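Some structures to go through are shown next.
The two complexes that follow have subunit A in common; it is paired with subunit B in the first and with subunit C in the second.
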Partner chain A sequence: MATQIDTHPTALPQQVGQLTTGWKLAMGASFLLLVVGIVAFIRELSTGMIATGMRNVGTMGGASWGLYITMVVYFIGVSFAGITIAALVRIFNLRQLRPIARIAELLTVVFLLMGSLAIIVDLGQPVRGVINLFRYARPQSPFFGTFSLVIAGYLAASLIYLYLGGRRDAAKMAEYPSRLQRFHRWWAAGYSDTPEEQARHRKTSFWLAVTIIPLLVIATSTLGFVFGLQVGRPGWYGTLQAPAFVTLAGVSGTGLIIVLAVIVRRMVHDKTALGIDVFAWLGKFLLALVIVYLYFMTVELLTLLYSTPEVEKQLSDALLFGQYAWIYWGSVALLAIPAIGLMWQALTRRWNVGWLVAAGIAVNLAAIGKRFLIVVPSQTHGTLLPYEVGSYSPSWVEYGVVLGLFGLGALMIGAFVKAFPPLPLGDREEVTADA
Partner chain B sequence: MAKYAMVVDLNRCQGCRACTEACKIENNTGQGMFWMHVFRFEDGAFPETRMSFLPRPCQHCDNAPCVKVCPTGARFKREDGIVLTDPDRCIGCRYCELACPYGVNYFNWQKPKDSQYSDVISWDDPDIQAITGGAYPPYKNPDLDKEWGPEGRRTAGGNHAKGVMEKCTFCVQRVEQGSLPACVDTCPVTALRFGDISDSESPVSRFIRENEAWSLLEEAGTKPSVFYVGGKPPSHSYKEVERPKARV
Partner chain C sequence: MRRNVTAAMIAGGIVLMLVGYLGAAPWGADTVANSDPRFSFAPAVFVIGVIVALSAALVYELMPDRRNK
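Here is the complex of A and B:
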């Protein structure tokens, strides 16, 4: 707010450049997680993937894809929702949501990077993977879409989107004398907020948003195809895979945007910066997506229970009553209970930020659980030849690497919000006026 | 051009697993890896139980799901029908393993030992040389490390390496030199046959024609090059017994 700038003439808005104790503690913890991840990954590199809990499908009675692929799907899902919301804001000119656009874009970029690293750690030959995936790329492989569209195309598009969307604020930030001035000047790249530039900026970001939405629906669908096109794995093969992937991606991403928005709101010490109307919109959006996803789950469940060829029966028994039942029903509860809570808040029109954060975290845990259930049981209980059922539980190395990825993501987000304002400057008056 | 196929005669198979042994020695595969696995099934309730056996090599499918999903072309099918893995190109993503409905792929979870089966023998010992006639021990067989076929890749799989996939090669190193795969050569009851099915008068072609051969998981549409004669497709009511200790 203007008053804040007046009382501290040298301070940058939104606490940019000010390293508070809370921030330092959070970053220290994230750094520790990253160290754990690096140690675990070195262990995996030196001993081979025998250090993980994964083993071969079939005679070895294991699962060949485990926690890593679960997290790849989860991370890319979150990133999908970020950029979707950011693009929707521009296309439909959702004024009251503009303050969260940059948070959403940031989440996209960071989670895409985490997702691509999660793929790399899952490879038996990580270095060769980075080279050969480009050198010998085969478009016939469903993986091709993951690497080209998701990792490359979509990361480039969201970086450009984040960059262009931030130029106006970068120009404003560059007016403040600070150590970050050079960075802000570089980002602004000569932008000076004249009416022509504003018009061009609006036009560019609108069309970029229009092109980004189909790109990312296709990209996330190709991730569903990685599983959905495989006849050889009961539980994977199905038309519903791609749309269900996209929907659950929306659920987890929206949940995390709520959490990150609340953190940012606390960080900038300005509750008017993100009004309750923003959270109400996010809450309703999350509710709608959770309901659609629960619908998909019901359809899937009925199809599975009604037809049940032998292998599918073995698989559905393991999911609903056996080894995986606690994850399955846990995920259902973590989706259904927040849905009821959100519906109550929507009906009474009384939104509580604390409850929203709880719902956001709950649906993300459910999303990780559901991703795990897509990836793993079809391997341990879904062999078409009558091999004995297998088992899989992640080893400390896998948990360590995944924690490390979360640490890295938190460090990237933490560094960004101290180098650049996470909320748009100068839009806040309009927002409060609208509210 | 020849197109190779294998026929498994289930009327003859007695589940002795000599083929599994021969495969492991020929190809020096690591612990827990069974390029050729023989299921021993039990069906029914005591005393009405029935044993049956099912050898399961790689099916070398004409419509191979593993070849389709490989992101780098490390898994490929040759014109003569053999499906092979290029260990120098494989990145270890294990997608082929999950696409395969038969479970024939094995990933090298750790660095394999050079010699899997002959640690105690000194191959330079004159007493041993007298028996072997100076033959190469399997793990030193240079054939396994050669570049095979018109594609010129090191596909024989003897060069096991950490972090890549491997599976049955139909013993490409033997077939290229005019011999039979190790499992076929070893089978004591001729339950396994191997030959060229592009020639309709070859013994294998005739055997397939005359005996109503079927293939495993026909409904998956993979068009295997391995055919079965006699017996019946395994059902999920079968219980696998006497499993090898396979988890590494």
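Here is the complex of A and C:
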């Protein structure tokens, strides 16, 4: 613990409390996106779901689950990887990954909140929907697991994990006078870094991690079952849905952790805080997940093309050669090209942070594309009843709301990193008096 | 004391989860009308159970030992 006590205002480590021009610009842009999202959502509330591009399946030739549900699946997927990496760091004592544990936990909490909001905006009657969920949800339905385990259990576990893991650093930060001292003192909650407290924290975080891992695998698999258990919907019904959901969740989350870690590294002006070994580990982990997911995609493709019944044939044609082909092949390219690049870096053992960021962004775009393809085409081209083929295009309201959610997420992350150190404080980091 | 409260919270959380789950899942009901939860807000009880059990970690870390007082 630091021993230097001063009554003057202090410059806190990792740029905490220092609102730089770049940060203000980024937050201003995020706030604008949030305003766009709020305006779009008000429009949706006032005119009803007709303001969106969603229409009834079959009778209206549309899709009743569209961009919002696509983003729900994507957001929850990102959160899955965040907490998985944070938990693995604790369980297997992966020392080299400790610096990114808090970033991963933060990403989990923020994206879970965004996922919850994405579900709410998809409901025509949000308040009624939320109340009735707690009133009537049935455990026989995979939605029960999604809402109870993902939104409640998973979010609670992640918040507790983030809070307890930050107490030591909060205690360090609270020793020095700053505008945030009261907040840091509250977070520390009397922590004094005694050997007993350290041992207690190790034990708690280990058992929390052990609890969280199965919880989140069940929760994310349940989200896959929402689609995978629908017998009457070609393209959804299948055993690969749950494991493919979990794998793509890992891909998108790991990609975003890389991007956020690089932003944090630049923000704290300390490249040694997050060394290349951390990025090499994340790159290899991302590569392994992308390869597994590409394998799932290949198996799925071969199954679709082999002795396909009529409706499945219609669906596979739409995916591979029809109106969704550009999203399908675009997603394949956005997974395959980063995989080749990552493999090259792994073989040569020369990791380039810029390339890793590009790979992280690319696999996230691919993940959004793939989530869209999971959600939409089975509704427009997969009806077993004799309806005409349908179509779905999101309206500006849906794009606006989704942009607003991203803006909100960026604001939450931006506010956090200016209120609390995004990387664990090392013993070498002293809080220095402001000049 | 701290260990006892933690254990009680975990046990209480599991009991709430069981009560909520069994209340929300009327196994054996064979009609839609009978498949509503046995009592209103049973799913909420399940969710509260999950949160109570997980919050035991907070108690374990934050509650002071009696001998340290």
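Keep this in mind: the second predicted complex is superposed on the first by the 417 of 435 C-alpha atoms of A that agree within 3 Å, B and C clash if a C-alpha of one lies under 4 Å from a C-alpha of the other, contacts with A are read in each partner's own complex, and residues count from 1 in each chain.
By definition in this document, a contact is a pair of C-beta atoms (placed from the backbone, for glycine too) under 8 Å apart; a residue touches a chain by one contact, two chains touch by 3 or more.
Nothing here was measured: the structure is a model prediction, and the numbers come from that model.
Of the two partner chains placed around the shared chain by superposition, subunit B and subunit C are both touched by A:Y136.
In the superposition on chain A, A:A152 makes contact with subunit C only, while subunit B stays out of contact range. By the touch criterion stated above, A:A189 is placed in contact with subunit C alone, subunit B being left untouched.
In the superposition on chain A, A:I160 makes contact with subunit C only, while subunit B stays out of contact range. In the superposition on chain A, A:T204 makes contact with subunit C only, while subunit B stays out of contact range. Contact with both subunit B and subunit C is seen for A:F144 once the two complexes are overlaid on the shared chain. Touch criterion met: A:T59 reaches subunit B, while subunit C stays clear of it.
By the document's definition of touching, of the two partners only subunit B reaches A:M49; subunit C does not. Comparing subunit B with subunit C, more residues of subunit A are touched by B.
Residue overlap on subunit A between its contacts with subunit B in one complex and with subunit C in the other: 133, 135-138, 140, 144, 147.
In the complex of the two chains, the subunit B residues touching subunit A come out as 32-34, 37, 39, 41, 56, 65, 68-74, 89-95, 97-111, 162-165, 216-217, 220-222, 234-240, 243-244, 246-248.
For subunit A in complex with subunit C, the residues that touch the partner chain are 133-140, 144, 147-149, 152-153, 156-157, 160, 163-164, 167, 189-190, 196-197, 200-201, 203-204, 207-208, 211. Across the complex, subunit B is touched by residues 47-50, 54-62, 64-65, 122-125, 128-129, 132-133, 135-138, 140-144, 147, 226, 230-233, 310-311, 314, 379, 383-388 of subunit A. Across the complex, subunit C meets subunit A through its residues 21, 24-25, 35-37, 40-41, 43-44, 46-47, 50-51, 54-55, 57-58, 60-62, 64-65.
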